[in-house]
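For reference, the structure discussed in these notes is given below.
A, B, C, D, E and F are the chain letters, set down in written order, and residue numbers restart from 1 in every chain.
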């Protein structure tokens, strides 16, 4: 699984499309690509029908973004489990740095304010996850307000991406040393 | 998904077999069954070949146990993702109660000592996860040593089991409101 | 699995789209939704290429409609088996009420005239089945002509929908108590 | 899919094993094999844990048996749907001959007495279904008691087996002419 | 699996769509359809994003074409393995006729010049493969230049198509006589 | 995918078990392991029921062996396609070295004598392939008799194993740059 940083990117919802990584970076492996930029999802790119129904704007002027793509399965249950696992990893890293994060499903909260947005889905060729964390936001929680230092943001992005890669590697290794189960 | 408490049970490794829940409790749904008792896994019930190779004893005189069974898939990748998610949930609950837990893959640590054991695998009919947390242990970390009160253990078991059920419900709901992805 | 009655609906083919149930009724479970109304499928909504090739009009002025959605698999073989099973259930209920129904595949006949229309398919997120039964039709068989009483139609719809839900529940229970097979 | 009649066979539960058809008849295709003989399932061959728990004898001195094997999938949900569909087909054929059959799940009843036994499951290589219908039985319903003529039994077996083959062919054809679904 | 020859066809990329065989020839089985004609793929029909990125023209004035469709799975890994196997079969047949072919992945070469084009992918309903071999080409390798006789081309097409059908039949038979594996 | 050479091994059929590579070499990746030694498969390790039925001895005093394990799927159709592809790769390499090999399914022939043995199957945790090529054999074809030099055998083993790894890598890359198909 490749772990790639991109400069000067914003998130407008098109990045959730399958094969985006191949298209922008020639990536032909499972990947997690991260970048920092605005978030402004047009209705036509909305995957979550709840957001669409409620006509909810998904906007942030400064976010760190993670775009994950897996080609090993197109099962919705697996991509959503991985999305929750990703949210847990982010939460664990921030808790470890002393921030009082709560995770609920795919959302992170701090002081009851939402810090993140996330979506996951599949096409016929791959699974994709988008996970965005507010760096600056007027209304929702953001890293700046809770005292996260600007100079440590790039390191944070790298740490999160690497942890996810390691988690997935660890799973792959585990499943290659376990026997199938008996049935009573 | 059913959430069931059993009295007077120990874990000897046979509980990881598929259909054990049906056999002991007539359960015909996906389930999480929890109980408190010893842990003493015979070599013949060991699923993890690493433990087998290293002839590692899996023994604890007092543990809380969670036995999860899912019938919706027999994919190893999914059961291992769910196992990690379960470990995250336990970690989050204990952190929330003020304990300084670290999760690494499917293991929980406190002060660099291992607090838990876990295994996951599949048969042709179901996925199973066992997750055990030491209440009392001479060598490894345990809930007693870190000051977890005896009277709160039953509540803890319930809370963990319920949280997993809720997490899975939440995933099921999410995947029923998301559009499939475009491909670039 | 939810079982839902909707008022004042017609079938124009858009109801076969995945996530329609979420969109019109906020349903986030597997579901069978039933309603009574006209049937008028535009060419652009036709799923069956045979109908499309033969430019066959699918029209009825009064039909009872069942729209089934499953999220547990996107396999075509499974959704078509379920569609046939649904047709069998309808047939059994009508036979039990004294009507001389024959089933052939997904079609019901009475006196060699077709009583029903049905289609099934999958998207990347769900399986869907549409099954419609003529209440009044000039050319094909219909419930009125064979003497089915108007006042019993609502009950019939409910009975069919409930029977399908029970059949699926029964299957889920069965597969949770059966051992995998030996191989000779 | 092959349709094969075997002479002089009894059912003792070993016929439910995967690859039995290859072993006894060199069959290398999906198949339905039928024969007439006793039914006497040893506990060790019992697939249904409910029967095992209740120590229920599965015995009949004269039955017609159908053994179905599919290699296209090893999903439990699919084999159980096919089993129900098979039960429906048997029911339809007997109703068509004037017998007042009721189907409940995978069981057939006449005058509230059980006429049939059935089991379905999967191994890592195939799906299997056994369906047996009593010809003579002291306690349960049987074909003789309801007046089914001895001379027509062989024809009945053939008719049932052929109908299942046709049903499956029809499904295969249908799924090769239907477009995938849109998502709202 | 059906093996069908079509007259007077060209390849413009639309033939790679799922259900094309049903649409043009009413085929409701897995199939390999072959024809001889030009190859001129419009950008909008390009499946391979690499070709698209490089804006590579896929043009040939005279090619033999094979269009394969399978409905038994929609897994990318399987369709790509089958595509490579098809390329091997073509290579073996040409080598057997005395031509010095090299295969690299899904491409055939002769004297380091590319003789063939191929693409494979899946939709929600089927797997498809296109494989084209130049008969006449100004720039790439072609059958004419290497001395393949015009009068033998129709026979070659037939031989290739039949060999693929036989290969797949042989695989199906093999998997119906092999036991599942033990686990150490 | 790891490519590993082992010294001083013979093949007795136990190597086809899932997780053998982990057990003997601690391998936790997909792998191709090759070694040179005798071949002597006991009846109890026979996977192919045809061999078992015909009580066919699978014996060779000197063979090169390839043991492949994949954890990405447990589908029989995929492992058999990969097995055929492996046979093609071996055939291509030997043809390229000037030997007149014919492949039929998973068998290689030279002068109408069988040069190789192969088996493939799956467990609940992995796919496995065994492919053995006679170096010396009294009855069947072997590398020595056709003039293959002893000093080049180690190189041949390496070349075959590497080619398979490259073929699989190439497939993985291809499926990560191709769009899903339209449906007509």
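One rule holds in what follows: contacts are C-beta pairs under 8 Å (C-beta built on N, C-alpha and C of every residue); 3 or more make two chains touch, one makes a residue touch a chain.
Because the structure is a prediction, the values reported are computed rather than measured.
Shared contact partners of chain A and chain E, listed by label, are C, F. If you take chain B and chain D together, the chains in touch with both are C, F. Chain centres computed from CA atoms place D at the largest separation from chain A. Interface note: chain E and chain F, two copies of one sequence, contact each other through mostly matching residue numbers (shared numbers exceed half of all numbers used). Averaged C-alpha coordinates give centres for chain A and chain F that are 40 Å from one another. Inter-chain centre distance (chain A to chain D, centres taken as mean C-alpha positions): 49 Å.
Chain centres here are Cα averages; for chain C and chain D they lie 25 Å apart. Contact of a single residue of chain F with at least two other chains is seen at positions 18-19, 22-23, 49, 71-72, 76, 121-126, 175, 177-181, 183-184.
Applying the touch definition to every pair of chains gives A-B, A-C, A-E, A-F, B-C, B-D, B-F, C-D, C-E, D-E, D-F, E-F. Chain B meets chain C in the complex at residues 18-19, 22, 27-29, 71-72, 123-126, 172-173, 175-181.
Residues of chain A that touch chain B in their complex: 14, 16-20, 22-23, 46-50, 72-73, 75-78, 80-82, 84-85, 88, 91-92, 95-96, 102-103, 105-106, 119-126, 128, 167, 170-171, 174-175, 177-184. Only residues 19, 22-23, 71, 124-125, 179-180 of chain D touch chain F when the two sit together in their complex. Those residues of chain A lying in contact with chain C across their complex are 49, 53, 74, 76, 121-124, 183.
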